[in-house]
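The letters A, B, C and D name the chains in turn, as written, and every chain counts its residues from 1.
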Amino acid sequence: MARARIGIWLIGAKGGVASTATVGLIALQKGLIANAGLVSELPEFQQIGLTPWKNFVLGGHEIRDVRSYDEALRLHSESRVIDGGVLAKCKSELDKLEGRIRPGTVLNVGSTIEQLAGAEVRNRRESARQAIERVQADLKEFAKKERLAHVVVVNVSSTEPAVDPASLPARWKDLNKLIDKRGPGPLPASSLYAVAALDLGYSYLNFTPSLGSAAAAIDELARERDSRHMGHDGKTGETLLKSILAPMFAKRNLQVMSWVGHNIFGNMDAQVLDDPANKQAKVTSKDRLLGQILGYQPQTLVSIERIDSMGDWKTAWDHVHFTGFLGTPMTFQFIWQGCDSLLAAPLVLDLVRFTERAWRNGDTGLLKFLASFFKSPLGVAEHDFGLQFQMLQAWASGLKAM
Amino acid sequence: MARARIGIWLIGAKGGVASTATVGLIALQKGLIANAGLVSELPEFQQIGLTPWKNFVLGGHEIRDVRSYDEALRLHSESRVIDGGVLAKCKSELDKLEGRIRPGTVLNVGSTIEQLAGAEVRNRRESARQAIERVQADLKEFAKKERLAHVVVVNVSSTEPAVDPASLPARWKDLNKLIDKRGPGPLPASSLYAVAALDLGYSYLNFTPSLGSAAAAIDELARERDSRHMGHDGKTGETLLKSILAPMFAKRNLQVMSWVGHNIFGNMDAQVLDDPANKQAKVTSKDRLLGQILGYQPQTLVSIERIDSMGDWKTAWDHVHFTGFLGTPMTFQFIWQGCDSLLAAPLVLDLVRFTERAWRNGDTGLLKFLASFFKSPLGVAEHDFGLQFQMLQAWASGLKAM
Amino acid sequence: MARARIGIWLIGAKGGVASTATVGLIALQKGLIANAGLVSELPEFQQIGLTPWKNFVLGGHEIRDVRSYDEALRLHSESRVIDGGVLAKCKSELDKLEGRIRPGTVLNVGSTIEQLAGAEVRNRRESARQAIERVQADLKEFAKKERLAHVVVVNVSSTEPAVDPASLPARWKDLNKLIDKRGPGPLPASSLYAVAALDLGYSYLNFTPSLGSAAAAIDELARERDSRHMGHDGKTGETLLKSILAPMFAKRNLQVMSWVGHNIFGNMDAQVLDDPANKQAKVTSKDRLLGQILGYQPQTLVSIERIDSMGDWKTAWDHVHFTGFLGTPMTFQFIWQGCDSLLAAPLVLDLVRFTERAWRNGDTGLLKFLASFFKSPLGVAEHDFGLQFQMLQAWASGLKAM
Amino acid sequence: MARARIGIWLIGAKGGVASTATVGLIALQKGLIANAGLVSELPEFQQIGLTPWKNFVLGGHEIRDVRSYDEALRLHSESRVIDGGVLAKCKSELDKLEGRIRPGTVLNVGSTIEQLAGAEVRNRRESARQAIERVQADLKEFAKKERLAHVVVVNVSSTEPAVDPASLPARWKDLNKLIDKRGPGPLPASSLYAVAALDLGYSYLNFTPSLGSAAAAIDELARERDSRHMGHDGKTGETLLKSILAPMFAKRNLQVMSWVGHNIFGNMDAQVLDDPANKQAKVTSKDRLLGQILGYQPQTLVSIERIDSMGDWKTAWDHVHFTGFLGTPMTFQFIWQGCDSLLAAPLVLDLVRFTERAWRNGDTGLLKFLASFFKSPLGVAEHDFGLQFQMLQAWASGLKAM
């Protein structure tokens, strides 16, 4: 039986994560690389009927006037992220991809992101409703042209300034009315894309700390339309380590007095996070889990700073100060030197693959079993990575044979 | 109902771990310290009928001619392990303890440990059988004098040179015959204590990498006598972290190319490990788990070296070199600065408490549910700390109400 | 020949640095401690006629209502800075010291420091002139009562908000007129103490980033009165390391692209630096030297944050990203775990001792040969620690025999 | 005036350091790279008449059957040492270089190095005298064909097993007689090359811990022939840092209790050092300086281990445990992640350039002013890098104008 073709639609389609995911997918399809870093390639997920890489087709929205290949080349030359030989073999596919990328929207993304946009995108005047409809037209055209059985939309764009979900109406019908008003409305771009996708029955994943589908009303829309979504903020580096290490302190009854984490990096994400409004959303997301895992709140400090020379390489230094038996303070420190895009990109592909399988399985609403992929998993209180991973394993074991 | 009194019998009763456990137990009984570092004090173990600290009585074997209080004082003055104020309040109890400590045996402990022993112990001539009988006489006298319902023997003495369990007869009756021969026989001291305890129906725990009860024949003895045992090598620092961190690399499909761990410390344990024969047993124990957790064997290097100025503070630097998506190498490093005795001592007390509860529950043979406490848990292939801890939780949930 | 008695007058006489210097001096006078950490005890300074420790007498100003012994005890119990046994032997001297400590002034110290002050100090109404005269009366009384040949005033109080020296008149006569006006005038407390001391012919040292004697007009006063001064900001930890390490990169022509330094600590100094106004003075002082040493300005980031559990222990993580031959980026990182007071206190005593010797030698004005002790040495452009130390050695070699 | 052409003759001409130096020199000659990492390009050495890069010509001895370009390519692909674009532009020059490389000798290099050699080199039977004469013929042919005014021979080959210089005759005439005997004689290959070069009046530099010209008799030969030499063991990474940092502890009178340094790397040098005989020479060289700088011997531990995945990247973790004022222990740690070849190669070129200038200046015998480049500078007791660098500066200032 010929399997169906599945669309991956990336918001921020030429950013670092998207470029790396794109080159990676092409390289997988061409058999140029091994499967390191891909969760869905672990032995335990080989019998659950995941769609093979070759059946996926990429497209997306982008606000900048750049070319995919140039962005990927920059990751190679500035940060040694992508091997030059592999990249050369992917060039023709990257050039073809240009035709499947549409201009995005900068509604409510804040001035720092706005300034990155090309003139056409920046000068476009549209209401929230018009933006949604434009996005939906793009998605439908993509699905039709490429003969896709399903589309998974993934937000991998820059972090927007924080929006408090509680400031929005809790019901979809009320939120929908606000969207109909003239002007940009209350939703940031990440949520407009979410509404557009979920309303069409497509899946939506938010790999960033932006609002996306985190509003209750948007979750209601997803359930009404039998679509599915999950988020938010991919757990790739320092926070992943926190969700691994904090359980050790908890289970050994070691009292964490303070946990300090300093992060430095230098890619475009760093430029956006240099704006305090955008940074706050990120820092909150990185700092949330310790209290839940430990059962009390130690003093915490999280910084994330732009250091240009680091490029795509994120270095984190964490200092954990704790007391043990008889009250004596001890110290644990780690230094993480990871390449942001290389850690994020495979998870994006994994999430799409698991979500597509959930679509075939009839799962709707929040896909909580994907919690282990996110810093702030929607609807999931558990932050222990080991226990989150067991949710994924349990879902996989329970899948109907297909 | 008055609860029964329970004996804790420490082999190596005046070493660093034992001294810290002793001061800690006294301090707990006097209400001088909080419960930090004690696993059995976690909320989830409060409803399973563990025996309160005040019901435990300490005794033990020791080969050196030193006083408990002096050893504890040295931990205070040389390594700031124990608070001076707490120690002063425990002095009278430590002095009383002297009467419950008996001379140990140095049969087959190797020359480095032998040299630590006092003249009486070093010059004693006894066969393996005589040593076992002497130990049993000590244990029975302890139980009788202190009116104890049960005794848990814990080996916290220095690491003996490695003995290959496969070199011993697999059946108890055959091993027992060897013990009857004249001379020291094939078993190191740690195993003679194990035989002595298990034969009496007492519980035996091996917190060290020494052989202890790891021989199949000794396990058979335990099952025949309805006694229980577990080991070996307490998981307190660098190896604990490996058993926490390696699962992250495995579950994210990140390929570990090499894992280097260098440990430095300066206490008496360090002096003993300065002998290559003794060190080998330790290093093997620290290096075993990565292959099991990862599913393949990366290049590994483990060193543990004596640096006198460090005293009881063990510092470990671990360097993990791994590849992710698209094959690019990345690096994770950690630095652990822990106080060996403070990390080990509460686990000794926890192990005793859980084991005593298992005794009341009728558990016999290997107590596999204690796997999370050990670097090389007997009879347990699982090395992922999170999964090991779930074994402890499952045991606790399944306990008969008492 | 009986040597003269010399006064050490500490501004912030009960703070962490002062308390440690005080206990240290007493311990040196009683022969309780060795000379570790004391520069003036190096072999090369043994033939230059430095005054022995027993000839120094302590006094000072303090704004808080606390007792010296209690502050020292807190350093012992909270941060294990001072050994309990040593401290006990110094108690009676610490109690006697109370009589030689006078209430300080909080003129222009900023609200964060003001809030630390006792009611008497906080509520005192005095003009700048009155404050100077009160301080001078205290100093003269100290010198008279203790029969002192000379007094060295050292500022070890909390960091004041930054004052731009360029905002002050450059000539002493003009500044002096401003002091005569009613009200607090333009000078922060650190400078009022400097004026008071230098006007009397005493020596003044500024161990903090506060303004102190850094104004040109105050230097003129010092030269007019034949007194001497130096500052500012003691170089004790991370910045010391920068002044050691940056020359290596310079001399090997390795290009530093970025230098990130994160500092955490938890003492009272940390509380004061939690106020952004006060912090700015500190950060500027820590960040100045790299450009001078390297000859170009790399991207730098310096943070210093209050983490309460750290107490007096300052931990710094520095990440240096540099390129070498053929342009490939490399990394150097260090972690410094030092006890702030223990690193600063001996330097305070050394500075006093060298300054007193300079007084006998007839040196006046800026004591530039003390540059190696300061983050921002007044009047000295050289920041390479090795070269700065040679200035001290050269001064010592050139001393007239006495 | 046209400047003379100068030969650089590399022993180990296709190893990692040599390959990097070669590509680097070609890239400098072609203007492809900036001068980062080159000491001789510092502003202070621009007026002393150093020979420009374009006047240098490369040649050398090699024992392996490999091609220069392939070795450089491996540094690019395995360790990202050399940029692919730069390398491609140097290929034709690398290919031409093949004609100027001659088979080396493996006399007394130990079995580990011997096994690396090609069949021709390994099977050659020659006495020490024959080897010297063959080397001299190669050097003379090189000088003649390339019309060279002078040749500087630099040993950058693998580390030989240690030879005790004291085991050799102290006078050249006695050593010369031993060389005349049949068989390999007492000298390792590194010394045979030294003798060959110095006897011809050429310069010899030993960048490795091998014996080279360190024997007193060979120094006598150099002085007799008016030739010049220096060594040994290039100071590129961890030891450089020790020579920078130890002076700080000394000058602040901080007592170093222990200094632990663990090094890991994975290039061919690492394979050779895996042989304990070869490793000992290296470790001794890395460990020598602390006692000299500090004035006392702390406990030290130096390890250097082969971890294949690291390739040419050497990571060092150093842990310094020291006491300061009042005896409290503190800790300094650093992590150095440097690329061995990239750090060594520019120093090789600098050394050649300075040595050639010394030749024109008429300097003969030991070139002590080059001490800052070496872990164990011959004839120089000073190990403080800052002071060693001043020796270089002093030499440069004293040069006769040319």
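Going forward, a residue touches a chain if its C-beta (ideal position, glycine included) is under 8 Å from a C-beta of that chain, and two chains touch if they have at least 3 such contacts.
No experiment lies behind these values; they were computed from the predicted model shown.
Q: In terms of contact pairs by residue number, which of A-B, A-D or B-D shares over half with A-C?
A: Checking each pair in A-B, A-D or B-D, only one repeats A-C, namely B-D.
Q: Which pair, C-D or B-C, has more C-beta contacts?
A: It is C-D, judged by the count of C-beta pairs in contact.
Q: Would you mind pulling out the distance in Å between where the CA atoms of chain B average out and where those of chain C do?
A: For chain B versus chain C, the centre distance works out to 50 Å.
Q: State, to the nearest whole Å, the distance from the C-alpha centre of chain C to the C-alpha centre of chain D.
A: Taking the average C-alpha coordinate of chain C and of chain D, the gap between them is 45 Å.
Q: Considering chain A alone, which of its residues make contact with at least two other chains?
A: Counting only residues that touch two or more other chains, chain A contributes 80, 331, 333, 335, 337.
Q: Can you name the residues of chain D that touch chain A in the complex?
A: 80, 84, 335
Q: What residues of chain C sit close enough to touch chain D in their complex?
A: 20, 23-24, 27, 33-39, 41-43, 80-83, 86, 240-241, 244-245, 247-248, 251-255, 295, 323-328, 330-339, 342-343, 345-346, 372, 384-387, 389
Q: Under the stated contact criterion, what part of chain D meets chain B in this complex?
A: Residues 257-258, 260, 262, 264, 299, 301, 303, 305, 307-310, 315, 317, 319, 321, 329, 331, 333, 335, 337.
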